[in-house]
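Presented sequentially are two complexes of subunit A, the first with subunit B as partner and the second with subunit C.
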Partner chain A sequence: MKLGNLIIAGLTTGSIYAVFAVCVSVWYRVSNILNLAVGDFAMAGALGVDNLYRVKSWPLPAAIAATLAVVIVFAYLYDLVVLRLAQDGPRRQEGIVITFFFTFALSFFIDGVAKILFGTDVHAAPALWNGGSLTVASSLHIERAGVLVLACALIIGSAFWLYIRYTLGGKAMEACGENPLGARIAGIDTRRYRRHIFVGTAVIAAVFGIVESPITGFTYLSGATISLTGFIAAAYGGFRKPGRALLAGLAIGILEALLGGYVSAEYGDTVLYAILAALVLGWPRAMGFESAVSG
Partner chain B sequence: MNPVNPAAPGSPAAPGSPAGSATRAGSATPAAPALAVRGLSVAYGDMVAVHDATFSIAAGEACAITGPNGNGKSSLLMGIAGLIRRRGRVEIFGAVAPSGDVRWAARHGLTLVPERRQLYPGLSALDNIMLGCYCWTSSLRRARNSRPFGTAIDLFPELKGQLRQQAGTLSGGQQQMVAIMRGLASDPKILAVDEPCLGLAEAVARRVYAALAEIHEAGTTLIVVEEAPKRALTICNRRVEVRNGVVLDTP
Partner chain C sequence: MKALRSTGLVVVAGVVVVLVFGQQYAGSVFVLAVCYAIVTAGMAVQLGFSQQIVFSQCVFMGAGAYGVALLNTHFSMPSLLATPVVMVGCGVAALLLGSVVTRASGLALAVATLMLPLIATGYVSSAGYLGGSVGAPLTGNLWNGSSTESVAIGNGLITVAFLAVAVFVAVRILSSDIGLELYALGADERTAAAMGIRTPRRKLELFVLGSVFAAVGGAAYAGTQLFVPATLVDPTAELALLIMLFVGGRRSVLGAVVGAVVIQYLYGASSWVSVNILIIEGILLTVVLLVDPEGLAGILASLLRRLGASTHATPATGVPATTPVVVATPRAIPSAPFDPPAPSAPADPDHTLLTCAGLGKEYGGLTVLDDVTLALPARGLFGLCGPNGAGKSTLLNIIGGSVAPSRGRVLLDGADVTRLPPQLRFGLGVSRTFQTVHLIRDRSVLDNVAVACLTSHRSSIVSRIARSALAQARASAADTLDRLGMAAMSGRDVSSLTLESQRMVELARAIAARPRLLLLDEPASGLSEQQRHRLGELLREFGDMTCVLLVEHDLDLVAQVSQRIFVLAGGRLVFDAGPAEFRVSPLVNSLLIGEFAPRRPLGG
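Coming up: the complex of A and B.
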């Protein structure tokens, strides 16, 4: 039963990795930019809802709607002003600058604003599905928020996977990142795809932050940590395959829980990253790292 | 400079577009040339690549655009297709093309097969070709069952075994074939091919030209850009020369 509970705990943390990994890899697929601010959108969603609901006593649906509206407008404007100038403007940026810099700066910016607005304490959005943990087969305990988190991960990951595999729009989205000029020649509006996916993943992250925050709690600095874990799982999908990023996220979560439970609670993470590093060194191609590095 | 407007088009452009394709070109007067370019200029900053180009191509013609490298052939073509900013007027079958709108041009029948192919290396050859259909449909099933897609696939039967392969792993000649197939899948009335034989072996180049001749015989207006006009003129009945960014029309 210990094994079962560990796997359940692992699936929950794995889902968190998986969702951010999917968001990172889908947008990288379109734009060849790594979105390091994806976790900050989650933080902004969770703390924004908490602030409006708990401090300003708004009704919960209104708090959620208002927070998401702010995220949408902000992401849209960021794409319109900064990313459009960086990628399409007369002084186009390329290489490492565009890959990291712009969303990294965005991450710091959101953190700074969040610190002013929400303070430095740990908060969480109210749980969306109230009640004690569910008990299955007399000894398996499942948190309700954990069920929601896993469901979110599976829905988001498989939706993108299906979109890419079975629709021409999804293939056009891939083409944008594969060869922007070639995509435009086929009549694909690369700018529109980039904007839609950027705003879309920001909203997904914010919604997920709201759902997930009752489990971990958020401070204004949580975003960067979450982005990083998603980033690692996304790397296992070569930053390009949301389906694989989903599975990698879940697998890393389970592995982490098992190592923490059976090997060492203190050194579990160290062992985990040693294993992940060994996998990358041993089978870079199978892990999709080759394409990620060479772009 | 007056636009040259030949009286008798060789063979009319194939009528009928794939289901759902909104092509207003059909409503134009029959006398309208397939492509009319008037006063077109393309500049990169201060560097003028094409200066005040005026010429026209009749429906059904096969036209070679020739001239030394770096003299503005590709810029001319990209400007016409709407890939780079241009000044001047471009008409496709009598309809004025908005500047910078590649999709509009593709939907009205002008498709570019660009220099260096510009494929999507990580996608399969089949997906590359299928994305040619993107300008007229967003449905994968309609694209797969369409006539233009079928025509494209049948153009190079020797490639059938490799269609599932990633485009980036194909040989240069095969990639050029895929690029032409992608162009054909957009159901073009005018197909503009930029340096189709760059870096290809002689036998492959001949195969590519045979396919281009086949496309032209089926009624598509053809524009071929070549540095060396010799091969292009085997299938083209018209030549437009570009020198130092200036177009010299030689009927």
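Coming up: the complex of A and C.
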């Protein structure tokens, strides 16, 4: 039953990667910007709820509502001030500066604020579904939070996939990233889509951080690591495809658990990253990277 | 000399700071900053100018530092002596690793190299002989002086000397002809390859260069800080390096140095700043990039330009001007637009230059080209038409070498070039333009044309520390511009030009290499009727000199200038005859006119 339990553990961590990968890829599709601060919104959500509930003794629903409200307002203001100046100004920024570095600076900023507000210790939001781990088929153990996490991943991933594939709004969203100027000429408000998806994915990340934190625990620096894993999983989903990002996240999680269980607990991650690097180098097209040398 | 000026500035500033503050806390902060500056100077060349986004500098910085620490503690080798050993070792390692990693481009390269710090972190924290998750043990000083003062000053001066060499090498390379190659690589890899630049080689050289710079920075770090923390190789260290580079200015070597000093100064400045360093870095990076994507160096440059503009009435060249530049009409060309191709071309104009034999191409299950066979002589202008999706661009890409055919062969002068990459076909006389304009922004018209005249393709990047043949390439580009009547615009920045002028610059670049085969992909798109007329005149002259294959949607233009026209439909060659038949052919009419533009009869 070792294999079964490893797969369950892998699915749990894989779901965490998957959700952040979906958030990164959906917003990249709209804005051509990689949100490297997505993990920091998750950290802010979890630590914010923990702080209000445990330290300030607020009731849990109020703590969650207040934290999410702060995330929404902050994300909205960030788009309104920084992204508008960077992307909608007279000098529209292009290339790696806008793709990586604004959200990267945002990640630093959020971490620094979190350090002041929440301190440097490991904390987590209270578990939303209390009780011991569930046991299936007598020897498979599933954490309750793990079930919630997997459910969240599947719901969020498939919802975005369906939205893009079957709704007019989803198509319009796609157009924003493919050709921003063309989309605007066709009457699509690209700025509004960029803002809505940015705020939306920030909220999803924060909610997911609250759900997920009982499993991993967060410090003010956890956000960067989460963003990194989300970015990597999004990369293997081709950056623009939330459905594939979901699958890539789950696959990486399972692979990580299996390598840790069967190859080496110490060097499992090292082997995992080596495999991931080999995949990019060997089959860039299959992994969804646009090859620079193409017709 | 630009390189000597920059280096002199670094030496003077560095020596003054070390001598004045050397024994104080500020001095030690400065020396640490200089160690990082050596790394960021290499990053400016690799990431900034050449746009090769790699996240592996911290790994090589760590390798340099750990290498010095190991040689020092286990073999009692002095740190200063260990530095060149480590440099060579890291260079060899970078060569091996780079020959695998740099096969990727763009985001794939970024993701592949991102794995390196992750792998290194896992390895270092588990490897006992490296000190595990704490770090490597004490190392010896770079300079073993008799007193603490002389050690501090000696360490500082040696580190500044390392930085001076790094800056000199970086600026020398960037201002050479290979520097222009790197600009072209940074602008667009595919265009660079089509201009003869051996992009795989340059990317590998850049990877080695960036890694060696990082290793030297790491060695200096070990020799001055006397301890190598394991955090030196983890991804957050890479992020810190990137912040330094982007705050300072990614496309300025001195900017990258200044960025390292500014950020390290913030780390060490005061306890309040270092407690809130994350917030300050976040805000600083955002504000700097919003003001100027080129960082502090860009801000400073535009301030200087503004100062210069207010003292001198005439704007400097390269500043976007509002007055349009009129391209001289081809009639004004005093002599032939370019010299006939290189002497290797046979004199007989009916000799077959290009042969495409049974070319086929499939993408997945989709057949884009099916059994296309054609032969072109050494002189003349040949049109290639077809509805959208007929396979015209694919055929052009296969002839140019950027796409490999699924079946069939491409022969140039009877020699099989099917497997030859575009940069080598350029050397055989194949030159091309792309559907959309691909020029190097922020460089002058002259330099953009000079890209096609470079003779540095076979040289190594290191040889450019000593000499550069950029002046010859510019002279030959100026010659071409002169013949085309475009000499007046040669100093202009290409981003300030109209679309017509940009297309003219692309044409000038394509013929500047005196090609035997010129591939033009829709040169008339986006041009007005009058501009098309001027273009047509020019194309006809090109056809008298060399072999031109013209892909174009403007059927009037094609019929006017071509001596033979090919029509592709559904990946098959369906028509091959002269312009007279082209005008009256019912097949051409139904394929290209009837359905698509019923109200526009084919003129002429």
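Observations
Please note the rule applied: the second predicted complex is superposed on the first by the 290 of 295 C-alpha atoms of A that agree within 3 Å, B and C clash if a C-alpha of one lies under 4 Å from a C-alpha of the other, contacts with A are read in each partner's own complex, and residues count from 1 in each chain.
Rule of thumb we're sticking to: contacts are C-beta pairs under 8 Å (C-beta built on N, C-alpha and C of every residue); 3 or more make two chains touch, one makes a residue touch a chain.
From a predicted model like this one, the values you see are computed outputs, not experimental measurements.
Overlay on subunit A: subunit B and subunit C clash in the combined arrangement.
Within the superposed three-chain model, A:116 lies in touch with subunit C and out of touch with subunit B [touch as defined at top].
With both structures placed on the common chain, the touch criterion links A:129 to neither subunit B nor subunit C.
In the superposition on chain A, A:86 makes contact with subunit C only, while subunit B stays out of contact range. Of the two partner chains, subunit B is the only one that A:184 touches; subunit C does not reach it.
Using the contact criterion defined above for the overlaid structures, shared-chain residue A:262 touches neither subunit B nor subunit C, since it reaches no partner. Contact with subunit C, but none with subunit B, is seen for A:273 once the two complexes are overlaid on the shared chain.
More residues of subunit A are touched by C (comparison of subunit B with subunit C). It is stretch 199-207 of subunit B, out of 55-63, 199-207 or 217-225, that runs into subunit C when the two complexes are superposed. In the three-chain superposition model, subunit A touches both subunit B and subunit C at residues 291. Across the interface of their complex, subunit A is touched by residues 81, 83, 102-103, 106-107, 112, 114, 117-123, 127, 130-135, 137-140, 143, 182, 186 of subunit B.
Listing the residues of subunit A that touch subunit B in their complex gives 166-169, 171-172, 174-175, 178-179, 181-189, 240, 291. Taken in their complex, subunit C has these residues touching subunit A: 47, 51, 53, 100-101, 103-108, 111-112, 114-116, 118-119, 122-123, 126, 189-190, 193, 235-236, 239, 242-243, 246, 250, 276-286, 289-290, 293, 393-394, 397, 402-403.
The touching residues of subunit A, counted against subunit C in their complex, run 82, 85-86, 93, 95-98, 101-102, 104-113, 115-116, 224, 228, 232, 235, 239, 266-267, 269-270, 273-274, 276-277, 280-281, 284, 287, 289-295.
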